[in-house]
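Please see the structure below; I have some questions.
Just so it is clear, A, B, C and D label the chains in written order, and each chain counts residues from 1 on its own.
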Amino acid sequence: MLNEYLQVLKSEWLLIAIIFILLFIKVGSKEWKNETLLYSINFLLLLNLIAGYFYNLPGSLFNGMYFSNDLIFLQKNILNLGMYLVSLIAYPWLKEHKHLLEFYILILSTLLGMFFMISSGNMLIFYLGLELSTIPLAALANFDLEKRKSSEAAFKMIISSAFSSALMLLGISFLYGVTGTLFFSELATLIHGGPMEIFVFILILGGFSFKMSVVPFHLWTADVYEGAPVAVTAYLSVISKSAILFIFMTVMFTVFRNLEPQWYFMIFLLSVLTILIGNLFAIRQNNMKRFLAFSSIAQVGFVLLGLSGVSKIGMTSVIYFLLIYLFSNLAAFGVVALVSATTGKENIDDFKGFYKTNPFLSWVLAIALFSLAGVPPTAGFFGKFFLIMSGAERGNYVWIIFAALNMIISFYYYLRVVKAIFMDQNETPIKTIMVPALPKLAMAICLLGIICTGFLSWIYDAIFNLCNF
Amino acid sequence: MSEIPLTHILFLSTGLFFIGVYGLFTRRNMITMLMSVELMLNSVNINFVAFNKYLYPEKLDGIFFTIFVITIAAAEAAVAIAIIINLYRSHHSIDVEDASEMKY
Amino acid sequence: MSHPIYIVLIPLIPLVCFLVLGIFGRKYFTNSAGIFGTLGLLTSTLFSLSTAYEYFFVSGKLNGVFQKIEVLKFTWLEFSPGVSIDLGILIDPITVMMLVVVSFVSLMVHLFSLGYMKGETRFATYYAFLGLFTFSMLGLVLSSNIFQIYLFWELVGVSSFLLIGFYFEKPSAVAASKKAFIVTRFADLGFLIGILVLSFYSHTLDFGVLIERLTTAGSPYLNTINAASFLGVSALTWGLLLVFMGGAGKSAMFPLHIWLPDAMEGPTPVSALIHAATMVVAGVFLVARLFPVFALSDPAALQVVMYTGAFSAFFAAVIACTQTDIKRVLAYSTMSQIGYMMFALGVSKYNGEEGLGYMGSMFHLFTHAFFKSLLFLGAGAVIHMVHSNEMKDMGGLRKLMPITHISFLIACLAIAGIPPFSGFFSKEEILMASFESNKLIYAVALLTSGLTAFYMFRLYYSIFWSKPTDSHHGHHGEGTLTMKIPLVLLAVLAIVAGFVPISSWITADGNAIHSSIPITFSILPVSLAVIGILLATRLFKTENELPQRIAIQMGGLYKAASRKFYIDEVYLFITKKVLFNLIGKPAAWFDKNIVDGFMNLLAKLTAGLSELIKGYQSGKVQDYALYFFGGITGLIIAFIYLWK
Amino acid sequence: MNLTLFLLFPLFTALAILFAQNLKQIRSIALAGSLLQLGLAVKLLLAYNAERSAGNKSQMLFEYIQDWFAPIHLQYHIGVDGISIAMILLTSFIVVAGILVSWTMETLSKEFFFLLILLSLGAYGFFISLDIFTMFFFLEVAVIPKFLLIGIWGSGKKEYSAMKLALMLMGGSALIMVGIFGIYFSSHTATGAHTFDLLLLSKMNIPIEIQKMFFPFAFIGFGIFTAIFPFHTWVPDGHASAPTAASMFLAGISMKLGGYGCLRVATFLMPDAAHAYSWLIILLATIAIIYGAFATMMQTDLKYINAYSSVSHCGFVLLGIGMLTQTSITGAVMQMVSHGLMTALFFAAIGMIYSRTHTRMVAQLGGLLKIMPFISTVFVIAGLSSLGLPGFSGFVSEMTVFMGSWQNTDNMYRLATILACASIVVTAVYILRAAGKTIMGPITNSHYEQLTDASWNEKFAAIVLISGILIVGMAPFLLINLIQPGTEIIINKLGVAINH
């Protein structure tokens, strides 16, 4: 029995353990050098990542409030991987930072929240996880205390997330009122598409859309991404997004399964809007982080498209895409983080002539962008292709053609950056940057992921076999 | 004494909620905005409690939920206030209009 | 047959010359190229002569009729079953004759050029091109397949292009070569489409089969092609006329003749070879090749051929009277003589005695080749000496260059049709044939022959007489031996060629024609010729102002004639104004602004749209919340209205 | 014969280039790699002929199937027939020549050659794959190298051209993607599963209304790659701005990807729709031919001249495909090969001239024949073959297209054919204009006189291409016999389409 509590909750326990270790170090009187701390923490995270693959025991606890299965373990592993990479690329920024322990404590607690969220079987746990994964992030967004933008971002984030969770709670409360239960499994059977349920669903969908930054609930995204420290932005754009998408899929496919025809229609509207607006805004950005923010918004539109084909393929494709997206986006952010940490430059124009001085970083960034744009031979191509394909299965070709045409726009702005890097002339290019070991490792992993994930079809097959649709 | 029907309570909570929404949209002062959010959360709490009491008295899910909501609201408020204070340091104002540098 | 081996060699040897000289000439054959090419051609000439002997005297006849013999054939490019380009060799009287003419004249030209082109920097290249041309021309005449003939047709065109543009530094030469190529290319377009039409209905490209299928009355092919019609004209007529268009282009028939005079920009021997003896008669050859079809199945098309030929003959003669550039005079006379051949074909019938015109045409082709190339080579010699093409720079050269003078005179007499020179006989046949079939044509022919005599002797006198001999030309003599030999040889042929018994060899249906022309018939044309000569003598033998006066008398007509009746201007208008300004420019503009502009417009629109909606991200958190709320309500509304 | 080698060789060449030290090593590696490819291609040809003469009647030879993404029945399926072999040979020829002409690429040479090889990899992959997904994959692989090649090493308004090319090609792929999905989801194998497999798809009959819906996507999509009117505007800018080798690859290879796709995917898999839309294809093709030719006549920049003439010549490809007779389709394939070779040769010549005179403006050039005879000869040969002179490849392919087109008795089709024929006259006009001005005529600029003629590598490159042109032009039956079986199958499918 106890053993079960240990194993089913293993991932959470590990995180908690790490968090406590860090807390002890924090309260401990001994002064640690940042270097050593960072290396050891990254080592711990690596262990955590590796440990994630062993002794996974599927099961459900707290009479169904918490449940976990192989797919969820996989998702947690993906998040762990992301966490590890983020902490690697955060290295140049944290090296001089005096609060790095707090940073890790907070960010790991958000990860913990996400774990609980994605393996929640009950609205309560889900809500707790959601908030736990949000509130510390707001604090993190403000982590560069002296930066104006940083605090503005944090404020925007906390307020709007509070608002969104309030609306979502309203929905949940009505749901409770209608059905009298908060358990997913029971809800799934009790919902039959009555008007009240639709209303509730829309409220909850709004909450999700806010977190996934789906238009028109996305407006906080760009500002927060721009203001927050790069590492946090990366974390936001990849990990919390993936986490929320995981749970969103579960909720959509289990709880609101009976509303499927209705929500297909809504997802259609939202996705079209998201892709279009995301692209249109991305075209005109100059700040790298803001640009990536909007591009990630557009990506979510595609994810919705893939998700809309309510099928095992669709589910697989979404997870597969998120994995690839994690590699690509983190590679891009890795470069941006390094550059902004060393030179403080974050604008696309600053990257003009970047190739002359930093060929390696340029290639990493370029390949990452190609992968985001979905160009072969990078994995992004496979990810996007399968997403759209699983959407196309429904035969809604308006949507498909729309998405396909928008790929051209997205292609344009990704290439714009590539053009700046490789082709544009610049008399004061960014000076040659010496890449530290940890970020280099991160980039290497990301590149490996970008190149290989597409060709290694067994990854896709594995996900497919795990998907319990 | 006759029982207060559920609808009354729901009216109250809904009203409360939209007062909160209105406050959030109109108030310029960040603290006030935060308070309006709390208002909304509380209206949700009322919902939960009411539903629990009137419709599903045999279980206590609603009540529990309420407790958690209150807790989290407190945490949220704490972080938010901290952020606002920090923002005040840099902006020397807690007027939301001033915190709109990043746009477009 | 015992032919094949060396018949194949006849065209191949020049090809080898071309390849060797073209690739290595510039390095290794800077001086020996001429010898190399000439020897090569000598061998092919010998081969073709022996072929002729073989054919005419040994193995050509089969029970008294000359056969079409397919020596060899292999499929080169199969379009669809049955319809394929086969490279083959077809031997029949006209082929053999052309073989002899082409290889011989080419040999003469090779020989002549040894002296004429001496010291040219691109001497080797010149001989390479000559080789290429000879190869293509021989291939053309040997073709057994209509598409094969088209193939060599193009090659002939390009080699003529290369040779005309040989002096590529001279813009005029470049322009002339372009003109020649493009005009003939345009004509070939007709040829090509003609081939498409004919091949589509007869399901073959092979001459033998094609002719057989389109001539045997009541054959399904013939019926279908006659049944099919476009704009009220039967497909057969269309096909033949389009093919004839190709022929007209190469043979400089009106109105496709404009390239020929300009082509004189090329080296003079080249003009002698290509633009007098061989390439320009390719059109005649083509019509002759398809003659059975013309004659048996489609007289209408033949009529067109006839009238075109007659008109061109006369038209060119008139212009020739007014030109002052001696090569241009010769060019127009060539055009006029080819006109003769054409309408001779036009007036002819297929069978037996009625095939006189055909025979005459071939006869004239044969004789004309010799005296016209002689004329050109003579002119070349003159130009070589005077370094000018203009009559006014010449005069009184007879003492300085006696051999040239004599040979030139012979040639003039021959072309004027004075007995017993070769031109007389062939011309008689033609006149006879036209007399029998169409009096109008006969009249035109007579008139033309008179004019011919006149302008030829105008030319002759103004070169060799008119002025007193001035010796400043005499700095170098008449030219090398290699230049004289061809003149002499050709002169001899110009005299004796008339006695070759063409009539018993080359006829439409292969049977010999045994018609003798009554001496009385010859009186009229000969006397006309003599009158022409006398007139020329009166006007040009000695310098006088009579010609100017007459020119002024004639006024507009003379001017028009000397300006070649403004045909060039018309063409210029069509190409420059219509093609370039009315089609080309708008197309380019449209592409740049409309098509491309549309693509750019899309980009601009996208950018503009994103600019338009940027305010939506206002940076105020309350607006964000508001939009959030709006999104929720929007979804609800959308759901209520749009769903179901 | 393992076709995967066609992917591995370029791959390893590219990797080797990454580890090379200096230009010398890089280019020698690249050349070695490309020569190996050429050898491999020839070996493939021989092996193919051997198989066929051994009586192997199967549609595709050297097939190899490997499950890839099992859940969606996606396979790595490769194999070749005559058509693809012709294309592979073309590619290998051009790759060799392209590497040779960029022999002295000093700036960022490593990246340059790497991208070139990558481009060729995409082309090879495209031609050997028998699975629509993999085809699409390789088609897009080629896009990015093009973008970078033009944008980094190009000239003139290179960024604009590169971006335009990339976006328009991306638009093409977007359309193709939609078309592919349409085909995929309307396919049902024996097991009821969907499939991307070309051969399986060709066995099953896609419902006609679905064909009619998706044929335009596929055809126009691939058409954009082969410069179908009105989506051809990437061609002039792209070719003009690209460095020589890139122009050669673009016009010589990647425009052929489109034609091949139109044939293999659109027409072959959706024959009914092909019949239904053939009038449209022919219309667009004819417009492209005529209008491209006339637009060319107005150009003043040699590269623009050749680019627009490519538009016109690729019109023949589409015309041949649209006419839907075996002869015409065979002609289309031949035209692909011949146009690939001669346009590459043309660009090579232009590049050589440009690298010496530093101008491509017809007006500023003149009398080059005197100064650089070899290059000028190459230029003239390219010109003559592109105006369809017998003995060069242009003639046979164009004639085949014409003969095939004429087999359609419909008057409008006949008119289209005649217009197409007429275009060869216009071609003559602009080719001779260009040649007459640049090669012939007086020398316009005195300092041209001390310019040098072609260096050995340039000569080698030119000779490689010319020999290709001559082989096709002199012995077309070789090419025809190679192609015929392939086109026959396509035609049979089309015939079936008419009947049912």
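The definition used in the following text is that a residue touches a chain if its C-beta (ideal position, glycine included) is under 8 Å from a C-beta of that chain, and two chains touch if they have at least 3 such contacts.
Since we're looking at a predicted model, the values are computed, not measured.
Engineer: Please state whether B-C or A-B has more C-beta contact pairs across its interface.
Structural biologist: A-B
Engineer: Using mean CA coordinates as chain centres, what's the chain B-chain C distance in Å?
Structural biologist: 98
Engineer: For chain A and chain B, let me know how many angstrom lie between their CA-based centres, rounded off.
Structural biologist: The computed centroid separation for chain A versus chain B comes out at 27 Å.
Engineer: Report the inter-chain centroid distance for chain A and chain C in whole angstrom, where each centroid is the mean of the CA atoms.
Structural biologist: Roughly 78 Å separates the two chain centres.
Engineer: So what's the Cα centroid distance for chain B and chain D, whole Å?
Structural biologist: That pair's centroid distance is 66 Å.
Engineer: If you look at chain C, which of its residues touch at least two other chains?
Structural biologist: 603, 614, 617, 619, 621, 625, 629
Engineer: Which positions in chain A touch two or more other chains at once?
Structural biologist: Each of 155-156, 159, 163, 167, 222-223, 284, 412 in chain A touches at least two other chains.
Engineer: Identify all positions of chain B at which a residue touches two or more other chains, and write them in rising order.
Structural biologist: 24, 33, 99-104
Engineer: Pairwise, which chains touch?
Structural biologist: A-B, A-C, A-D, B-C, C-D
Engineer: Show me the residue ranges of chain C that touch chain A in the complex, using the header's touch definition.
Structural biologist: By the definition above, chain C touches chain A via 603, 606-607, 609-611, 613-614, 616-617, 619, 621, 623-625, 627-632, 634-636, 638-639, 642-643.
Engineer: Tell me, which parts of chain C touch chain B in their complex?
Structural biologist: 614-615, 617-622, 625-626, 629
Engineer: Write out the stretch or stretches of chain A touching chain B in their complex.
Structural biologist: So the residues of chain A touching chain B come out as 123-124, 127-128, 131, 135-136, 138-139, 142, 145-149, 151-156, 158-159, 162-163, 166-167, 169-170, 172-174, 176-177, 180-182, 222-223, 226-227, 284, 290.
Engineer: Provide the residue numbers of chain D that touch chain A in the complex, in ascending order.
Structural biologist: 67-72, 74, 133, 137-138, 140-141, 143-144, 147-148, 151-152, 158-159, 162-163, 166-167, 170-171, 174-175, 177-178, 181-182, 184-185
Engineer: Which residues of chain C touch chain D in their complex?
Structural biologist: Where chain C meets chain D, its residues are 26, 75-80, 83, 85, 147, 151-152, 154-155, 158, 165, 168-169, 171, 174-175, 177-178, 181-182, 185-186, 189, 192-193, 196, 199-200, 230, 575, 579-580, 583-585, 587-588, 590-591, 595-596, 598-599, 603.
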